[in-house]
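Input: structures, listed below.
Consider the two complexes below, in which chain A is the common component and chain B and chain C are the respective partners.
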Partner chain A sequence: MQASVVTEAVRAKPARRLHGWWMPIAFLLPSLVSFALFKYYPLFKLFYMSFFAYQVASPPGDFVGFHNYAEFLGTDSFMLALRNTFVFALLFLAMTFWVPIVQALLLGEIGRGNSTFRFLYQIPSIVPYVVTVLIWKWMYNPDFGLLNYYLGKLGLGPYLWLNNIHMTKFAIVLPSLVATQGISILLYYSAIRGIPQDMLEAAKVDGAGPWKRITALLVPNMRFIIFIQFVGFMTGALLIFDPIYVMTQGGPAESTTTVSLHIYNTAFYQYRFGVSAAISVVMFAITGLITYAQLRLSKSADG
Partner chain B sequence: MNNKGVMKTAAATLAVAMLLASTACGGEKNDTASSPDASPSGSAAQSTQSGSPSASEAPVEIVVWDYPTDGSAIEVEIPFFERKWKEFESKYPNIKVKHEQIAAGGKDREQYLTAMAGGNGPDAYPANPFPDMEKYIANGFNADLTERWNQYADKDQYSDAVMAAAAKDGKIYGVPHDIYIMAMTYNKKLFKDAGLDPASPPKTWDEFVAAAQKLTNPAKGTYGFNILGMDWADWHFEYWVWAAGGDLTQKNPDGTATLTFTSDAAVKALQLYKDLKWKYKVVQKNVVQSYDENDKDFQTGHAGMIIGSPDGAIKNGVDINDLGVMTLPAGPSGKAYHQTGGAYWSINAHSSPEKQDAAWKYIMFMTSKSYYDDELAFIKESGAFPPLVNPRKDVDPSTVFENIPADMVAAYKQASENLHLEYFLKARLSKYVVTAIQSVLLDEKADPLTELQKQQDLAQKEVIDPYNAEVKK
Partner chain C sequence: MKVEKMKQNRIRETGERTIKLVSYSLTILFVLVSLIPLAWMVSSSLKDDKAIRAYPPQWLPSLPRSIQVTLDYTGMDEAASEFYEKDAMKAMWYPWVLNKLEGIGEVKVRGIKDGRLIYSARTTKPNFLAGQTRVVPTSILSDRMMDSKLPIIRDKKLSSFQWYGLARGPDERPSPDAAASAAVGEETLSGRFLTFYASKGLVQGKVAAIAETPKLLSLFDSFLGLNKLTQSSSQEGSGSGFGRWFANSVTVTLGSIASQLFFGGLAGYAISHLVHSRRLKTMLLMFFTATLMISDTSMMLPLYVTINELHLMDTLWGIILPHTAWGIVVFLFKGFFDQLPKELLQAAKVDGAADFRIFYQIAAPMSIPIFTVVGVMTFLPVWNEFMWPLVVAKSQDNWTVTLALNNISLSKNASQNLLMAGGVISMIPLLLVFLTSQKYIEKGVSFTGVKG
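Up next, the complex of A and B:
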């Protein structure tokens, strides 16, 4: 019986091999091509552009070597943009990173209606982020916005939100608190579900309270997912552009100008494309370094 | 086994080769900007010609971005434009003109830059603003029109002042499309309600502040003066600096620039802005709201005075008799200056010679005296608010003034006696001035001189030093 199965398998193999080896390549090719076209080609073009006084209508213009880099690296505008970027990254971290983790942990405790809640958590992230940002922009209007209206009924405000130099960063981060991380919740939740139930039961029997269970059992087992999310999160936070561009375009008084906005303004308002490319390259290097540091830390933590 | 290895390498090489080929194709498209010349559009033009084109002229298609933007004040002229475009077609049957819209909402500059960078720019573009011309010329967007201009019969109808922003190093890069004079528009009904005489608007800064205070009524939701605080803030702010007797920059005889952000005049003007917001409290709460929202505030009767022309309000149904135009209030210098600006036609430097010729013919047609005279006649009939100044000396818009209240006409005539071009290098220095303005308007503790000094130092290092070095080369 077994022998015939083996011979069948041996006979079947050559037929598969004939159209086997190039199938993976065929499936990978579209994504490779689009990666190359939309990620790598622009990246190499960027390096190229940063060494020229780039003329956008008659490229590439005069070769200037590292002059573009020298031009912006010491400037206060860039330093301010860098400072704003890190403040934004910290704000995003403090206000939005832990939310899906907590939501997933709470989800894990819910038995009935679990799938309903999971569904409800997804809905805000179906809406394109830009639409959410636009709606919040209108809600922030100091004269007619919904927020000041309802806060006024409670006796608070009126607040200036995006008009207030000190409040505006916080106002830009706020929509992300409630609106965007449906997929993250699912990822964390699946990590929690991956933890064997009998371990949790044993812990309960041993008398571990919910807080002890979370810190000693659940979170350590989610470490890998949290780390992966964190790397992607930091990269996204350092490169933040969409909400700021839609809400304040870098104002007021440059209090929300991040490096990505600075790059945009340098290119599209000042027409200094070479300098803009140079700033992009430097930002690429900074983000790459931070990501690398995170990977190294995680490797050493794993032993 | 060997076969498999060789095949795998061959497949990998093929994949890489495909990648390189596709990227190479992408690169080429970007560099040959005049590729729209390719035959598909030419043959399309041929097939749509009803009669045969004149034997000597080959058919040519040009793209012009002059179809009125949705919601703009010149939408009322669409029937007129269509009539004129048909006239042009019958005059030059071999030239087919494709009219496209410029983006609304202040996005026109971005749209133009993106198109030019991608090699898809229009062959003729009518909206090169005066202050942006030097940026466009420096980047090689505009074709050199000097030779054509010197042979142009009507070139003396344009004064040196009107052509100043289109000229660089003795060469001409644009043909004036429109010019405007900035004044202030006020709501006569609100004036009457506040106990002010609508026939005698404020003439000095002190009178202006007093009027604004009278017009501000939180109970009714009205305020005295709508201030421009969004990222075009410097556009209106410069007028107050001029009224205070100075300017934001100075063009030196050798072509270099000197910053005067911290001059007495600029500090006085910014102090006025600060007082209007924090001391007298006569401006809107949301000082950085969009340009459209500012217009809406005025057109819905919430703001008493706004810098700008009444044509938008009239187009949106406000009764012209409820509006007034006043010259800007005179400042510490004793005078007020009125900004003149406008836009130029330009021809795309990267278009083929045939398209450039066709574009020139089109521009000449659209800037001829007969064109403007016909346009004024149409506007008079339609009852819209006319452009009260024209770049040509031989076109006199006063022929349409019968519809317009005499006091408005008088105000513009008075404004035209003290004209002023925008401050030198405005397009490059805008963000620094705007940052200083916004700091003062949004933070009660900000000090005008400190903010202006901070921005001047930044602008000096980041813009002026490299610019002056370029000029001296």
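Up next, the complex of A and C:
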């Protein structure tokens, strides 16, 4: 829109005048302002807030130094949240990370109907994650739920999926097993497609069986993309918020409260903004390091 | 022919058939398992309140019924239309609330007097559900009650009432065996209605006929009534319903995409072609992409405070604007513009074209693929976003679809069929995007995948 208005103006005036040292600045200004305002200023604010008993109504409140950090670091609830976070991350890793890799490898063996399957795989990712979680919450319903009924037929259960502290974590991760990784399948599949066909044929001639081909040829060629996905996956898993908030809101007995939820609750239920900011700083450090490693690695691989 | 030739050229391997078989069956299994929850959502969205709580769970929704009642006022004193209207409302709302869990799609009542049709009235299920808590909150029913409820029904247009007048209505003779034709008993719905009319004495007209027919369209009542029902259950009387929330989501998503394309396109182009110092280029790129390391969760609180300081709290702008600062967008644009032929842009410059004009008339049209990829790739996360709207949108007027669905699910008398209908609607825009641009998504995957 704006660009077209400017173009009209250009036609009317001599064009020369719009070349200038300030042209790049005009192009960059919207983004510079937006990034400064919505990334760098809040980042500064985050550290700043973490040193105050922050009051939203009359900022910044009293300066308390590192007291906010000292306040949460030793507490049981934070340690529990930290533990939950890593348990969740490991559960996600064990239960869901390998799924799209296997699915892509299987797709690699499929000729006819390949694009149909690829499309079908995408459909569960088309549903908003929150909606997927709500469907599963409905299937978990102890009284009318689909899962308890069919498991009951197999002689299992009934389970109190979201009310049993030993099951809730599992129940929260389970939907992701089938629902959210359509894009990853495409990614892995395109990596497999990237392997030259004659290499595969040659391996066949040399008598490499399917298992051998996967371990010796396909996976090594996918290694890089798997690694990059792994780093992104772990960052996501460590920050997991939506499914927990929707399914259990951290309960029962804080058994599903992760650091993300802890940050949210501390800020928006207890209004202890300073403490919440201090926890956020710790979380920022952890995930920042992971993402930094990811960027470095992808850069070194690019060339 | 051609296929066969290719097959001959390929090297066949022992057990190839087994591998194929295993691959196909496992893939089909994966697909089926992942589609079951979706099928359950669609099936649930078509169910009535009874079927939704059926145990064992039933996959196929039962067909809703339409009940048609004819009331005969022959032999009674003439009265004002209001009397008949009240009678019709009682005849529809009272027996319905006693059978509210049954699959009733609509109730129609026709009044006749001396062989003439004097009125016809109709209540549909979405309207019944929307008005139930106010019109017939309990199953304790009385003649008086309707006096105070009639204004509510009229005001909210919950039931239609067509008055023909005592003298002018079209001829209508009750068929002699009509009353007998309805199976009397507790098994059928019409039987239950008939028992109600006969025993309670709340309805003045005599039942001349009652009929029960399946009504296919009522399967979609959860969809048709979604807006009205969510509106009626919204607390502060803000009157915003699902339609509003859907529009909010559309606004937020399209607003974010548009601003990203504009902001990111300009910045990416500038870094790629307008800034000549190599050092400055690197610094700018670092400025933008370093933000990729900041996770959304750790930004939640400070961004909340920032939005608060900007007085954008509880506005759609507050949801949209932070999306203008996505490092990955600038990165993608810069990478794409780098590949544009420099000579072409240089030539345009020599010809005296201004930078904006080169961007707008030469660079942008050549970059439609990247604009599409960025647009599509933004659509998914922004449409699905939950945490940020949760923090920003305090009032119902500014809810997005995901936030609204979560809040509906948390309300005390959440009806799952309604929730699932909302879920089905929420996936439609994404489905459209996927169907029209799967190609671009696969392309976007290869662009962005490596960068996470």
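Worth a mention:
We adopt the following convention: the second predicted complex is superposed on the first by the 247 of 303 C-alpha atoms of A that agree within 3 Å, B and C clash if a C-alpha of one lies under 4 Å from a C-alpha of the other, contacts with A are read in each partner's own complex, and residues count from 1 in each chain.
One rule holds in what follows: contacts are C-beta pairs under 8 Å (C-beta built on N, C-alpha and C of every residue); 3 or more make two chains touch, one makes a residue touch a chain.
Just so you know, these numbers come straight off a predicted model, no measurement behind them.
Legend: residue contacts after superposition of the two complexes on their common chain; A:Ala179 is shown touching chain C, with no touch to chain B. Contact comparison for chain A: of chain B and chain C, C touches the greater number of residues.
In the superposition on chain A, A:Asn164 makes contact with chain B only, while chain C stays out of contact range. Contacts of A:Tyr41 after superposition: both chain B and chain C are touched. Of the two partner chains, neither chain B nor chain C is touched by A:Leu156.
When the two structures are aligned on the shared chain, A:Val56 is found in touch with chain B and with chain C. In the superposition on chain A, contact of A:Ile110 is made with chain C only, not with chain B.
Once the two complexes are laid over each other on the shared chain, residue contacts for A:Ala70 go to neither chain B nor chain C. Shared-chain residue A:Asp143: touches chain B and chain C both.
Using the contact criterion defined above for the overlaid structures, shared-chain residue A:Ala94 touches neither chain B nor chain C, since it reaches no partner. Counting contacts by the rule stated earlier, residues 32, 37, 41, 56, 59, 143, 268 of chain A appear in both its interface with chain B and its interface with chain C.
Every residue of chain B that touches chain A in the complex is listed here, in rising order: 4, 7-8, 11-12, 15, 18-19, 22-23, 26, 30-31, 33, 110, 113, 116-117, 121, 135, 138-141, 229-231, 284-289, 349-350, 428, 430-431, 434-436, 438-439, 442-443, 457-458, 461-463, 466.
Those residues of chain A that touch chain B in the shared complex are 21-22, 25, 29, 32-33, 36-37, 41, 55-59, 71, 75-77, 141-143, 160, 162-165, 248-249, 251-254, 265, 268-271. Within the complex formed with chain C, the chain A residues making contact are 2-4, 6-7, 10, 15-16, 18-19, 23-24, 27-28, 30-32, 34-35, 37-43, 45-46, 49, 56, 59, 99, 103, 106-107, 109-110, 117, 119-132, 134-139, 143-146, 149, 175, 178-179, 183, 186-187, 190, 201, 204-205, 209-210, 225, 228-229, 231-232, 235, 239, 241-242, 245-246, 259-260, 263-264, 267-268, 273, 276-277, 280-281, 283-284, 287-288, 291-292, 294-295, 298, 301-302.
Interface residues of chain C, counted against chain A in their complex, comprise 10-11, 13, 15, 19-20, 23-24, 26-27, 30-31, 33-35, 37-38, 40-41, 44, 52-57, 262-264, 266-267, 269-271, 274-275, 284, 287-289, 291-306, 308, 310, 321-322, 324-325, 327, 330, 349, 352-357, 359-361, 364, 380, 383-384, 386-387, 390-391, 401-402, 405-406, 409, 416, 419-420, 422-423, 426-427, 430-431, 434, 438, 441-442, 445-446, 449-452.
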